[in-house]
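To keep things simple, chains are lettered A, B and C as they appear, and every chain counts its residues starting from 1.
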Amino acid sequence: MSKSTSTFPLSIGPTHPAFKEPVKFSFEVDGEKIVRTDMDFGYTHRGIEHVARERNFIQVIYLLERICGICSVSHPMAYCLAVENAAGIEVPPRAKYVRTIIGELERLHSHLLWTGVAAHEIGFDTLFLHTWDIREKVMDCLELLTGNRVNYAMLTIGGVRRDIAPEHYGILEETLDYYRELYNRTREILLEDLTVQMRCRDIGVLTYEDAVALCAVGPTARASGLPKDVRIDYPCNAYPDIEWLRPASPRDIGKEPRGDVFDRMIVRVLEMKQSVEIVGFCLDNMPDGEIVVESKAIKLINQLKKVKGDGLGRYEAPRGEVAHFDILDEREGPAQIKVKAPTYSNAAAWAVMFNGAEIADIPIIAASIDPCIACADRMTVIKNGCGGLSFTAEELHRLSVEKQKRIKATCGNS
Amino acid sequence: MLASVYKIIEQFFTEKSTNLFPAKRKPASVSEFLARKPLIAPVPTPPDYRGRLAFDYQACIGCAMCEKVCPARAIEMYPVIEKEKRTKRIVIYLARCTFCSECVKVCPRDAITMSGDFMMADYDRNSPSLVVGLEERRKNEVAPEEKPDTPQE
Amino acid sequence: MRELLIVIAFSLGLLVLGIFLGLFIRGIDRKFAAYFQSRVGPPLLQPFYDLEKLMIKQTIIPENSVSWIFRGAPVLALASTSVLLIYVVLPYLYYLHGSSGPFLTAGDLIVILYLLMIPAISLIAGGFASGSPYATVGAQREVVILMSVEVPLAIVVIAVAWKMSQAAGGAHPFSLLTVASNPIWTGMGPMGILGGGLLVLTLMAVVPAETGKVPFDQAEAETEIAEGLLAEYSGKYLALYGLADAVKSLAFTALFVVLFFPHGFTDLTGFRIVIAGGDYTFALDILLFIVKVIIVYTVAITAVRVAMARLKISQAAKLFLITLSMLSIAGYLLIYLDPRISGL
């Protein structure tokens, strides 16, 4: 390949084997090098926020659970925290611990899933099948605890819907031991394999400064050396009790963070270990008592119907911070609901990561922030059949202010 | 590098993770095949698995709480006359159901229960196997009460 | 004239057998790969089923493709790989049988080197002709792989030919018959064996690159450029490429076996199998040859492709042009120095 002065466009997506969800990248490519990146979202916009306003508080939980299959604890968790925050409901301690256990098991399976996807993106199918194989154990465990493998239907406002029964403890401990045993070997395969290092080291670098400037969240931020973790910064659930909990960082295994794809892998591997330890801690220190404030759904709706106010719920999803903002306005359901998914924050970092990368790096860089497009697609613009509108930052700000005023006006009047 | 080589050699000899299908290829006659061979059992479901819903017509009191909480709006009420009183009963459209078990929890009489059955595939979303309580509905449904002010669906 | 007819008939038979064997070995490869990955895997005959299905599927020619190149490239690929298979296997079978023929020295290693390039070139032509940016990127990558692989491969071939020129007294050093009848390992000291080992290692790395398997399947990288070169191919033409790939894999592993492990049954044990007056050694030799091909295929392609991630094109080019070229030159030097050192 000679160094040509002309570049050619390469568009990847909306459907492409590298992406599990529709997102469109338009690259300007010079040979194998990427010189310019453009992104286009909005292919999985389903109007969930609008639908949520039409439903009551209980129905919304299950709706939000289906924003994304992998984060099916994180979104309802953030929503429940937001509503509890608005209504001033105090969750019983046992429910907090159960929530933590379910959330951490979800993180474990999500990270294992990510590892498999990342391995597949670099053409390492054996690793992909291996991680998905060992993931089955935690999926079985979640199925046992919640009754389903994916949409757990475990959370409700003011607590959880199912208790962890005494006979489940043994199985949970067994699962944790299984992962503790596997940890060393899996880490060796993941982090010491030569070809994995060749494909991931110094690829898709997001420097500390960029991570701060672009507001990266979750493992993406932590891999750049930014100690940012909602579980520690704004602790909810059982996290305040866990004193040893620190944001995972490549420094934990003696490596200075470089912010590349490999560091993101390190952080996720460390977080898997962390999750196992957190579940172990919760099982050992599980308080007794109620698991929910109000178990009768209709009564709960009627209680919440009297509340006027707003609340913010923040939770550390496996991919980063997920935040829900709810406005309660003496209705059966939320008057307004706003979802901020981790991918929404991290997507901006893509542009920096793709800078100067090769075509071969596109899938692994795209996968490295663990994108969940379904979570992030909160709006779509259609003009003459295809996207073509552009907004400046000022315009967007003006639009947001206008919308906020409109919401306030409608909420005040009803 | 060596870890993965070691791993693949180990995996070559250890038991495989694949869950096998009951048959390798489609048998000529399904019923004969089922009778003849010991089948590969399906993966067991845990005791609290959220599977196919069952509805107890007699226990239901028609309080409509399940209809209210159902996130998928899969529950439909229809009028019946029970004990010479006008009341309502439900049908559940499993094709819409999200199996959240909220209706099971909210029911004051435990008229809705869940089983471990997960094999619900069908060609028609309104087939009798996918509408819980359809038989009772056919038997007991009466004409809706004449109420001009309530909107009719 | 009669001999010519025999050779032609033999070649055609070999071609049909080669296609079957190639697809069957592909089935074994998939089964083994599945076992390495803790799966059960498809049935051994799955490649045949796939082929059957592709043959009855609709064939779509993209609107903005150069139609005649697009249609012609798969045919050329299959034709050239078939010729390659015949050139590699036929002399070897003659050697195993112990008979001689007029065409034994006609095809030699140089011809094989060129024939190896033609399927790749037809892939590239088909890729550029299909008018898809993915296929264009894939074709560019295939060019890079093609050019960088030639260097270590040529050095290995030259090293083997040099050894042959020493062993066979200078007659037909590039002929496969010479290579088969004088195994490279005969009369080697420890240094020579080490050098030969380096050459084997180099060729092991070349096998997945020539056959387009992980870690050198950049031209077809599924997750990156959506099967690259083959992105626009469908139906019969894709089936032809599948056949060409199966035959090429078989031919290249056979070349590997002939270059480094040509020993027949008699060479290894000194016996000939005679049952009820019939000499079955030749049949056994063929069986042994197939087993050797399967072993090479499993070690050099299956095991490698499950134990590694796909390299980037720049890394692959660097590996072939620098590391493996150095390795093969070192191997050549060791073989070259061996008789001189041992003689001291």
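Going forward, contacts are C-beta pairs under 8 Å (C-beta built on N, C-alpha and C of every residue); 3 or more make two chains touch, one makes a residue touch a chain.
In this text the structure is predicted, and so the values were computed from the model without any measurement.
**Q** Chains as vertices, touching pairs as edges: which of line, ring, star, complete or other describes this one?
**A** Contact map by chain: complete.
**Q** Please work out which of B-C and A-B is bridged by more C-beta pairs in contact, and write that pair.
**A** Output for the comparison: A-B.
**Q** Could you grab the centroid distance between chain A and chain C? Build each centroid from C-alpha atoms only and quote it in angstrom.
**A** Each chain reduced to its C-alpha mean, chain A and chain C end up 47 Å apart.
**Q** Please work out the Cα centroid separation of chain B and chain C, and write it as a whole number of Å.
**A** The separation of the two C-alpha centroids amounts to 55 Å.
**Q** How many Å are there between the centre of chain A and the centre of chain B, using C-alpha atoms for each centre?
**A** 30
**Q** By residue number and range, which residues of chain B touch two or more other chains?
**A** Residues 4, 8, 11, 17 of chain B each touch two or more of the other chains.
**Q** Provide the list of chain A residues touching at least two other chains, using ranges where the numbers run on.
**A** 126-127, 130, 133, 193, 195
**Q** So which stretches of chain C touch two or more other chains?
**A** Only 36-39, 306-308 qualify.
**Q** Tell me, which parts of chain A touch chain B in their complex?
**A** Touch residues, chain A against chain B: 55-56, 58-63, 65-66, 126-127, 130, 133, 136, 140, 143-144, 147-148, 151, 153, 161-162, 185, 188-189, 192-195, 295-298, 301.
**Q** In the complex of these two chains, what residues of chain B are touching chain C?
**A** 4-5, 8-9, 11-12, 14, 16-18, 20, 24
**Q** Considering the complex alone, what residue numbers of chain C touch chain B?
**A** 32, 35-40, 43, 303, 306-308
**Q** Enumerate the contact residues on chain A facing chain C in the complex.
**A** Against chain C, chain A makes touches at 1, 8-11, 16-18, 29, 31-32, 119-127, 129-130, 133, 193, 195-196, 198-199, 358-363.
**Q** So in the complex, which bits of chain C are touching chain A?
**A** Contact set of chain C toward chain A: 36-39, 133, 136-137, 140, 143-144, 214-215, 217-218, 221-226, 306-315.
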